[in-house]
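Look at the two complexes coming up: chain A is in both, with chain B in one and chain C in the other.
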Partner chain A sequence: MERPRRTCAETCLELLSLQIVHYYAGQNQAPLAASTEAIGFRVGRQLAERCTWDRPRLVDQLDVMKFICKEFWIELFQKQVDNLRTNHRGTFVLKDANFRWLSKLSSDLPAPEKADATEQNAGPVANDSMPSRPAANEAAQDYLHLPCAIIRGALTHLGLPCTVSADASALPACDFTINIRAG
Partner chain B sequence: MAAGSVLTFVIVGRDDHPIFEADLTSKASEVVNRDDRAQYLHQFVLHAALDAVDEQIWTTTNMHLAQVDNFNQLRVSAYVTAAQMKFLLLHDGKSEDAIKAFFKDVYEVYLKVMMNPFFTPNTQITSPSVHQRIRAIAKTQLKA
Partner chain C sequence: METINSEIFTLMYGSIVRQLITDLEDITEVNKQLDTMGYNIGVRLIDEFLAKSRTAACTDFRDSTEKVAKVGFRMFLNTTANVTNWNPEGTECSLVLEDNPLTDFVELPEGCSKLKYCNVLCGVIRGALEMVNVQVECDFAKDTLRGDELNEIRLKLISEGTEAYPFKDDD
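Up next, the complex of A and B:
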């Protein structure tokens, strides 16, 4: 493990994750979500094992969450989580203001044919009209299965079984909601 | 005949089931003469030590818990990973530094096993090359 770390272009990772989504969307044996979840879960476990190998152990829930927000996020996305909120009863919301894996996802969607006369979707993100936000979130969900599963795998491996969901209504920011199963 | 030195190594998974066991004493004639009862005793002592390990993991963030339990002359040292995998070594008086180095090297081997996509975590490790490597580590670290 002391070998010099080899580097790889980030574009490779982005293209790979895009292709994973396209490939499994085209497979008939299992729904896309299930396949990418399985991949991500395994990757999350192995990555968590690897990242924790030379640091002191994490004894409680908050330590684990801080590890995820800092070291783990840096390993995966080259930055830390920008905001962590909790209700101290097992729900955490991780807010990443600039989620790298979705940075290439265009947030410039044509507005759906709703009864909304003012369609100003051609402008920058800040001017998104309301109807296109949920649509952007839905389009991004396919690509969010993988990161959610990686996080879930890591947390489960560190002893916190949980569910992870993501909300990308405000691209490029992305919120991950983690619900830790009690008991 | 030299007195047999005791050296049993066990990796215990999250649900307290062993996923790897090895008797690391040097081969020689001791294997043939080894009393079956001694084997059972070792397993029993290691199993009983799990409770002591569980108590101690909450008190420290170190991975290496030096000696967690002893029984007559037998001592148990433990090393716990972040994912709650416990490495237990049953010995009769090796230096804690040597044991710490041993655990660290074994952790590297275990990490490589985990990275293997064909390995399901928390299942038995049956690969003969892993056995060989751990024996080699034991020879370098614990006999020196």
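Up next, the complex of A and C:
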């Protein structure tokens, strides 16, 4: 059964997420990571609930993962995950070759705040001729708390408490590493 | 125009408001912050509006508000507003939103009676209009979440500049 779909412009969500990152990056009261994580975690849980209410329970770990890579990813990022790998011991790597939420992030411009620190720390990296790449990954991290937390929220809601981290050193591609907590 | 399921936007906005309340612990500050965020969004949103709406230049304030209500809200939130309650001078009016996607699934708990939940919209309108030389004050006057029968945003024109070119004719 199709849920009635109400739409709005993607720009709205884009600019809103951008604003929230800039707001928390520019003030000291609450840390950026913790606050944006809390925001994303709630969104992930609620969204997972709304995406799954009319379907049978996802029992298997792999079923949940497939759901995240397909339906959930399409709902959020308008495309599927391109590649899913696992070590069969609770670690999954989701590769999105063109991650939507970072597609407008320039890889030349470091993000505000951490700009100076990253430039200095960005040492030479093997197989990486472009010095801006580690810097780009650092810059992208501020914007990745939100999607990571959304995914973590969704997985937690579907019965898989986990940690999620992201690597965006090869923009516009982005890898999400998920570690399911054994339990 | 790329569109998404508006539930995602609505949930995200709700989660942000909730986080701001937790972090700022002061509803007045939250209202202010939502307005500022809206302003920052508005000054960028206007670019997309001008690029994609294909509307002619606004002739006066009346025309501008109609564009905001009928074209802007339709484009970005997929809803429309009605412009009513003009003052005799034609400098103040109300945008009445019958259907507000931001408030889907929302109920205000006790203790949040002063929260202007949708204040971000005021900031967006103010920021966007400022970029086309129309300075307005914007306030959420009536809010269904706080028990009013409709959502009303009150707009007050401060000044309306004609296009001023920063260069002189050097003959």
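The definition used in the following text is that the second predicted complex is superposed on the first by the 158 of 183 C-alpha atoms of A that agree within 3 Å, B and C clash if a C-alpha of one lies under 4 Å from a C-alpha of the other, contacts with A are read in each partner's own complex, and residues count from 1 in each chain.
Just so we're on the same page, contacts are C-beta pairs under 8 Å (C-beta built on N, C-alpha and C of every residue); 3 or more make two chains touch, one makes a residue touch a chain.
The structure displayed is predicted, hence computed values, not measured ones.
Chemist: Could you look at A:Arg89 and tell me whether it touches chain B, chain C, both or neither (first, second, both, neither)?
Modeler: After superposition on chain A, A:Arg89 lies in contact with neither partner.
Chemist: Would you sort A:Gln46 into first (chain B), second (chain C), both or neither based on which partner it touches?
Modeler: Both: A:Gln46 reaches chain B and chain C.
Chemist: In this superposition, which partner touches a larger number of chain A residues, chain B or chain C?
Modeler: C
Chemist: Scan A:His157 for contacts with chain B and chain C and give back first, second, both or neither.
Modeler: A:His157 sits against chain B, while chain C stays out of touch.
Chemist: In the overlaid three-chain picture, which partner chain does A:Gln78 touch, first (chain B) or second (chain C), both, or neither?
Modeler: Second partner only, chain C.
Chemist: Should A:Pro56 be classified as contacting the first partner (chain B), the second (chain C), both, or neither?
Modeler: A:Pro56 sits against chain B, while chain C stays out of touch.
Chemist: State which residues of chain A lie in both footprints, the one left by chain B and the one left by chain C.
Modeler: Touching chain B in the first complex and chain C in the second, residues 42, 46, 50 of chain A appear in both lists.
Chemist: Name, in rising order, each residue of chain A that touches chain B in their complex.
Modeler: For chain A paired with chain B, touching residues are 1, 42, 45-46, 48-50, 52-53, 55-59, 157-159.
Chemist: Quick one: in the complex, what on chain B touches chain A?
Modeler: Residue list for chain B touching chain A: 14, 57-58, 61-63, 80-84, 107-108, 111, 114-115, 117, 121.
Chemist: Under the touch definition given earlier, write down the residues of chain A that touch chain C in their complex.
Modeler: Against chain C, chain A makes touches at 5-13, 15-17, 19-20, 22-23, 29-30, 35, 38-40, 42-43, 46-47, 50, 75-76, 78.
Chemist: Mind pulling up the chain C residues that touch chain A in the complex?
Modeler: Contact set of chain C toward chain A: 1-9, 11-13, 15-16, 18-19, 22-24, 33, 37, 40-41, 44-45, 48, 75-78, 101, 104, 120.
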